[in-house]
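What follows is subunit A paired twice: with subunit B in the first complex and subunit C in the second.
For the complex of A and B:
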């Protein structure tokens, strides 16, 4: 009996958290090929402030770092963000900013993107659309891709 | 039923009811729809996809920054105008299709006749519209006929009233003494041809003949014959790429003089024109005028770099920068207005494009910064890839012009200005001379 109560209590305690799937889209395949790592961050936003947090968050991340997200993936191989995306199992309810960063292996921030979405039961997947940063062109200058496509990159390990 | 089973059912019910509910309005993240009137086929079909890409780039940039008005992604709704310049019913149908799709603003068209045909529906519906490429003076006349509060048509390209003066300057620079004018008979070509005639006469140049023609004909042998009979030393040609190519083929086929100097305009400064001739070698002594759409400014260079990085890897085509600016300005105006209401967005278009008090200057590739500044209630003055794009009260902008020269493959002609190499071994366009607005109208 006590075990049942513990199970119920933990479920009730977890009430309000919901899984969220995130799809990351790249402008073109070449952008994906140049990226090596990605990190997905989730920030709370206040609907009373108008849900226009993304530009400030992108600016903050590019200038002073990632700050205090409520959820974050590790910096993962970029292939982990391909096809089906990634998901968080326990996003608190309400609107959040989902911010994706894509780096090369020299730690250059190549692409970023941000989307505001609400976590709720049955919500559609969140789509984060990436765009090259101002450092992109300089970072890829002189680099030669050895991968012809994303499949090769993620299965053959070419770069 | 056992106690344990009742407990299991209660637990299942609890879990089912456990998920958080939606708290925001279901429309909170609905896309904001922007219409694109694009020539995916017809005479401008070779360029349309490149212009569509320019709009896609601006939308990509804004969507990566979280969209507009607090998280609304931008969705582009594209209709193909088929470069069908003569069918007013078709233009009406295009506009109504976009309105039915729920667009809050429109970018396009390229051809002036189509822009005006679409505007005849969009303007009364109070939907802002910005053309990248419609240079006709009839666009100005369309707005002049309306009270300021009724104007919703803009363009990010300088009008032909200025370019016709540049054609006359070009004729003078090329020592033309007897000029024939061959021009489209539509909203682009007719007033342009007439304005060129007036500008030439004002400069004391003889106009041998002015011949209008209709787009989309398989042959222009009759019109070419009329021009040849007038024996001009120069021909001013106001055309689209397809018909321009046919005219040159007909000229060469009819034994037209190889010494004749041609002065084209913005409508044919495109690879599609050279392709349409079927043989670059037929394009001899060919000069032209055009608003400069790929200035070597930091703004254009940034745009070009981002275009290559984010889209096909190719460089943007002519007027791509104007299309990008049109799309960017429309989105910035929506953010500035804080609403998609047409009149508010129209008013905001002037605010984000021109210098306000203590503005922050925002540029291509900086749309996220621009949205941030607007979100803080600050003024911005968008400096476009195609120029400063300051809209006046008639929705026009002013830009510098170029005199260009076509150099066929293998040409050894020197080019002291910027050279645009055409892919596929089609030769190049050389920026022969830059004409500032002050030179046109001192």
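For the complex of A and C:
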């Protein structure tokens, strides 16, 4: 009886995923204000030789598309990525490349970033630092921001 | 004569009523009733004579037969025929090994009874009947265990379940006998009763009766209908149950292990500086 209780307790206790935070860092708040959509991608990497894959992955994404990630979110409103707003589960063990893409509403890739990290129980946050792409300057040229800060953007819907 | 009177008076005052109550005299043969009457009147010679007549008349039930032997034992004991008394008590205990004399019977008169009980304590087994259905021979197989050596005939009455009348047959007493029952080979159940008779035709032991027969054959399962085996008796059922249980345990363990290794991610946004 006790053994069954332990099994059931373990099962119930194990129903929730162990979350690892992916912290997406924009260079400045202004860059965030120009972004409208985001997409988070996870790619497998070779533990021995793939730890430097990020530049190639970013080149690939910017030139030919997202390829074959093992996990991917839809292209979601950028505000959804705040405060644990986007999540997914079952990250395979081992190191992976975490790519974050930020688009404007014209489908221009404004910012992207990549980091190699391993998600495991008790792991530190995976920090993905975004950098403007080569299209950034052209895409925001002529746009006027109506929001003063990220909070206004995500609560009032201004741009 | 004086001693006999004193013993008899003591019996009448102490044991007579109790024995009469336990006699089951109502419905008993006339000689047995007369013996009971004489016992209440402390007339041990009459008790002995009537009880002997009852015994020889035959037709006693097992309870009446035990009572008759008890009366004979007590009467002969009171008449100082201790060996005879012991023999009757031996017969009584052969039929009913658990039978006890009433505690109020005079201790002096109990000696033959205690002697008889000691004799039976040294013997193994007790009078009994075992009956089985012998389908290949369309018969009942009757085994008789008789440590008393008093059984002389075996009466077997049987009918197929649903039939109105019993077919009764008598056989010489033997350790095992086969009593043919027409149709028993294919019948689901056979109802029967078996009686062991002594030399006078008294019933020493009955297994079942015409009004409460025993049944042998395929036993009905409660609520089953049809008399077949239930699913719980099928080995396949338990194999399937065991397999399902094993799979369930495996899946549970797998899920537990899998859940423990699941890692999710959730996002947050922060702003740095160039």
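Structure notes:
Criterion: the second predicted complex is superposed on the first by the 134 of 159 C-alpha atoms of A that agree within 3 Å, B and C clash if a C-alpha of one lies under 4 Å from a C-alpha of the other, contacts with A are read in each partner's own complex, and residues count from 1 in each chain.
Keep this in mind: contacts are C-beta pairs under 8 Å (C-beta built on N, C-alpha and C of every residue); 3 or more make two chains touch, one makes a residue touch a chain.
Quick caveat, the model's predicted, so the values are computed rather than measured.
Of the two partner chains, subunit C is the only one that A:40 touches; subunit B does not reach it.
By the touch criterion defined above, A:68 reaches neither subunit B nor subunit C.
In the overlay built on the shared chain, the residue A:48 is in contact with neither subunit B nor subunit C.
By the document's definition of touching, both partners, subunit B and subunit C, reach A:121. In the superposed pair of complexes, A:106 makes contact with neither subunit B nor subunit C. Contacts of A:141 after superposition: neither subunit B nor subunit C is touched.
When the two complexes are overlaid on their common chain A, residue A:27 makes contact with subunit B and with subunit C alike.
By the touch criterion defined above, A:87 lies against subunit C but remains apart from subunit B after alignment on the C-alpha atoms of chain A. The intersection of subunit A residues touching subunit B with those touching subunit C, taken from the two complexes, comprises 7, 11, 14-15, 17-18, 27-28, 93, 119-121, 123, 129.
Subunit B makes touch with subunit A in their complex at residues 7, 11, 14-15, 18-24, 28-29, 60-61, 63-67, 69-71, 73, 305-306, 309-313, 365, 368-369, 371-372, 375.
Listed in rising order, the residues of subunit A touching subunit B in the complex are 4, 7-8, 11-12, 14-18, 27-28, 30-31, 47, 50-56, 58-59, 92-95, 97, 112-123, 127, 129-132, 134, 136-137, 140. Contact residues of subunit A toward subunit C in the complex are 7, 10-11, 14-15, 17-29, 32, 40, 42, 78, 81-91, 93, 119-121, 123, 125-126, 129, 150.
Within the complex, the subunit C residues that touch subunit A are 252-253, 255-256, 259-274.
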